[in-house]
Amino acid sequence: MAWISKNWTMSGIIKGLIVTLKHVLHIGNRPTVTVQYPYERMKLSPRFRGLHAVDENACIGCGICEVNCPNGTIRIVKHNTRWYPQVNIGMCLFCGICVDVCPMNAMKMTGNYELADYTRESLIYGPDRLLFNKEVKQ
Amino acid sequence: MGMIANAYELIIYILEFFGVYGPIKNIFQVLGIEFVLKIIIVLVEVGILFVFVLLTVMFLTWMERKVVAMVQARYGPMVTGPRGLLQPVMDGVKLIGKEDIIPEKADRWIFTLAPFIVFIPALLVFIPIPFGQSLIISDLRVGLLYIIAISAVSPVAILLAGWASNNKYSLMGAMRAVAQDISYTIPLALAAIAIVLFTGSLSTVDIVNAQSGTWFGIIPKWFIFLQPLGFILFLIASIAEMGRIPFDFQESESELVAGFFTEYSGMKFAMFFLAEYAHLFAVSGIVVTLFLGGWSFPILPFVPPMLVPLVSLGVFLVKTYAVIFFAMWLRDTVPRMRIDQLLNLGWKIMVPLALLNLLLAGFLITVWGAF
Amino acid sequence: METDELIVNMGPVHPSTHGVLRFRLRMDGEIIKECTPVLGYLHRGTEKLGEMKTYLQFIPYTDRLDYVSAFPYNYAFVKAVEELAGIEVPLRAEYIRVITMELNRIVNHLVSIGSLLMDLGASTMMLWGFRERENALQLFEKLCGARMTFNYIKPGGVREDIPEGFIPQLNEFLKDMEKRIEDYEQLINSNEIFLMRMKNIGVISAEEAINYGMTGPTLRGSGVNYDLRKYEPYSIYRDLDFRACVRNEGDSYARYLVRIDEMKESLHILRQVVDTMPEAKIVSSAKYGIAPMTGAPSAVSTYFPRIFAPPAGEVYSRIEAPKGELGFYIISDGTTKPYRVKIRSPSFCNLTAIPKMVQGLKIPDLIAAFGTIDVVLGDVDR
Amino acid sequence: MNPAEELKQKLPAAVVSTGMQVNKPMAVIKTEELLNAARKVKEMGFDHLSVITGTDYNDHFEVVYNFFSYNNKQNLVLKVIADHDKPEVDSLTSLWKGADWLERETYDLVGIRFNGHPNLVRILLAEGWMGHPLQKDYDMMRRK
């Protein structure tokens, strides 16, 4: 009874109802903030850390990224005649340490984040899928 | 039009209007099976009602999601159909396609039976609800009692479901549902009885008719103006009956996982789901019938008589959807209560208030009668 | 009537245990007679991992302890390493660190309050909280390229300077956030049902809270005016004007209000930081530094060393993480890898008190009390 | 005054040596005197037991207690050396309830037994786990 005598107006709930109604009627609010993902995408920042990319000409295959990777994600493998890193995305932390430590600035991370795949093997990105050629791109 | 009491007569009237009723009736009379025609017409009207209810229920699930989405600055379903309108169909297809799991330790028969016992009363409750002038399956003389009685079946089914699942969460959800339903049917019925005092009849049609017309030509003679306290009590009690936030203890998903239907899947789950929304629609319709004047509206006398059923149906639906929207809106605003707080509220506050309201109603009628 | 006790296993998969926590509840009907948390479902051996990784390699793992607020975890570890090795940090880097940490505090409290109300059945607050969180996450993404696991704060500085357009966006966020907090307060603060659910639930007195080792908002909700930022200032908190948010009731509602107040305080701190931020573009100290890379396409400046071995010694350094006192105990033997890393995680220590808090209450109260403790299971189980 | 020195004055029998842990005063306590020292520490106003750390040094175990006083805003570190073959120290659960889980965790991961703990069972690892992972001779390759 004490509770009802104190709260019989239900002012708190009514206040809440007003706030939610404001949202329904879009008063002072953006109507929707979500995006319809597969059809529209959010803008990524240039620093986004997604799938790796390796500059074909800059990389010297030194293996510093391999040593510094916290999770043992990177292995240096032979590709054609030179040695390049191979990244196992399934284990990758996307921490960016490999980018930081690369002495030739050959490793970078792209904005590609849709990396789901059907097999574990296809998560291993060999040099054939990671390499890019700076001259060709620019 | 005034003589047409229910949908059965309306169908006959329409058939007569097109001049086909006589010949059809003759055929059946010649064959000596006139009762078959009656059964057919009843089946048709009931069929139309059920299809209508199921479509409404599907629409309501969509609407619920859209209202929630609007409050929460989201889109809600958008992909299936225009603005996601066909999402309920897809959900139905998905649920039918799902594996129907019966837990090993469950009581198979009761487990299977329970969804039906929930689902059927949820449809039966529509029978005495007047959707519009002469749009009523059957104007029972004890309509209101029938509604309250039928609504009281679902806690039994919920208890069966919760017990048969052999799951602790289900059982607790079922116990809560029963405690809640019992303690809220009483203020609900008491608030409804106050209306009966005014009308002197349990028939829903009589209740609606008593609310047609206006005072001073402006204020419609709805019982909400005579019985504001009763309306609030009835609304709160019916939200509790519907089992929606802030009173959704029977499923309270953050406490009891999914309450009494934790173990249900596939079509059986869908039946609980449909029953829930059918209940929402029915209870909102009852609120409209009792307190918001049903299908009556001050402009109705000026509508050409041929269109009255249609217009009154429209009026009824607009009012019902307003109540439904309120329930959804409330759901998006408030958190869930606690079960003991709810019972406290029910027994210690709402029942005395409902009795007080009854007293007020009696007083009002006496004073009214004196004038 | 003879009744039986009901043993309910709440979790490890349950909607409101915020992950994979399990409560073993001994119940009398709906009343909890005994609550025993069972942990370890998310144990990943982070402390053992710390012994295997170099100091730099361990920083990404600290992100994954409390994935809701990873910046303070980055910082706490880095601060311990800096204390161990005696590294000076440039002022601008400290400012950037404080920006990230305070933003992360807001994010954490948004998630905390949101999930609390979700558990209470009000899904709107959760979605609204995530709406604002999204803006903050976009700021994080702009800053360091990741939305939740940052690996941004490094010994001796930060990974990169703040990008262009970051400060205006931050200012916009601050302005927006102020209005949003008003919305939240209007939506829930005085909601009668919310008050019924929160007031006098999970009460813990100041003495008990201290005795149980509770820290952070849970401690301040019990009336202990203690904030490490204030009374053991680290980074640039010494120069900032803010107050520790304290409530005296010690119940769930007090803890909730402390979080709301802290968000406002964080906004206040952020505004000061943005206003007084030094212009000098030095974000990494060069004590152990190697020469900066030339021709870097992005602003990735790698001043911090590839081979980094602090002197032998041990250090326990603690900060005020959003959830409470976060400490890293690092023992170095002079090699490139720590000899021992001990994480004093706030969630773990705060969770200690839950059996005491909920005894004699009901399952819904357990959820309310547990929600206001605000644990992240990655942090509890490590 | 340095609380470690103060403790040494009050309990000269218990304190082996005092020093600093970076900027926090530290006192090394005799193993068997830990409970007494802790009681004294609590009387001195150190009401917050921040963390308990156990470390395996191959030839001995160290258990480190970090205390903090909310009233005096002081830190104090207690260190106890435990025998490597039979690592046992007294439990502080009777003084700080927060020590309960911290000690269980230390037992679980480092393998130090706490005498007088009411419920010294594994907390993070599964029941029946073999060995204690943070011991330096723990075999990481063995399947559990």
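As written, the chain order gives the labels A, B, C and D, with residue 1 at the start of each chain.
Convention: a residue touches a chain if its C-beta (ideal position, glycine included) is under 8 Å from a C-beta of that chain, and two chains touch if they have at least 3 such contacts.
Note that this is a predicted model, so its numbers are computed, not measured.
> So which chains count as neighbours of both chain A and chain C?
Chains that touch both chain A and chain C, as defined above, are B.
> Out of C-D and A-B, which chain pair has the most contact pairs?
C-D
> Starting from the Cα centroid of chain C, hunt down the chain whose centroid lies farthest away.
Max centre-to-centre separation from chain C belongs to B.
> Round to the nearest whole Å and give the separation of the Cα centres of chain B and chain D.
The separation of the two C-alpha centroids amounts to 64 Å.
> Please work out the Cα centroid separation of chain C and chain D, and write it as a whole number of Å.
25
> How many angstrom lie between the centres of chain B and chain C, each centre taken as the mean Cα position?
Chain centroid spacing, chain B to chain C, equals 47 Å.
> Send over the residues of chain B in touch with two or more other chains.
Residues 71-74, 332-334 of chain B each touch two or more of the other chains.
> Of all residues in chain A, which are in touch with two or more distinct other chains?
In chain A, 13, 16, 19-20, 33 touch at least two other chains.
> Taking each residue of chain D in turn, which ones touch at least two of the other chains?
none
> Building nodes from the protein chains and edges from chain pairs that touch, which of line, ring, star, complete or other describes the result?
Contact pattern: none of line, ring, star or complete.
> Pull out all the chain pairs that touch, please.
A-B, A-C, B-C, C-D
> Write out the stretch or stretches of chain D touching chain C in their complex.
Its residues touching chain C are 21-24, 47-51, 53, 55-56, 64, 66, 70, 73, 77, 96-102, 105, 109, 122-126, 133-134, 140.
> If you look only at chain C, which of its residues touch chain A in the complex?
Interface residues on chain C, with respect to chain A: 53-54, 56-61, 63-64, 124, 131, 134, 138, 141-146, 149, 151, 159-160, 163, 179, 183, 186-196, 293, 295-298, 300, 302, 304, 306.
> Which of the residues in chain A come into contact with chain B in the complex?
Answer in residue numbers: 1, 4, 13, 16-17, 19-21, 23-24, 29-34, 36.
> Show me the residue ranges of chain C that touch chain B in the complex, using the header's touch definition.
Checking each residue of chain C against chain B gives 6, 8, 14-16, 30, 117-124, 127-128, 131, 187-188, 191, 193-194, 196-197, 362-365, 367.
> Mind listing the chain A positions that touch chain C in their complex?
Residues of chain A touching chain C: 3, 7, 10-13, 15-16, 18-20, 28, 33, 42, 44-49, 64, 68-70, 93-97, 99-101, 103, 105, 108-109.
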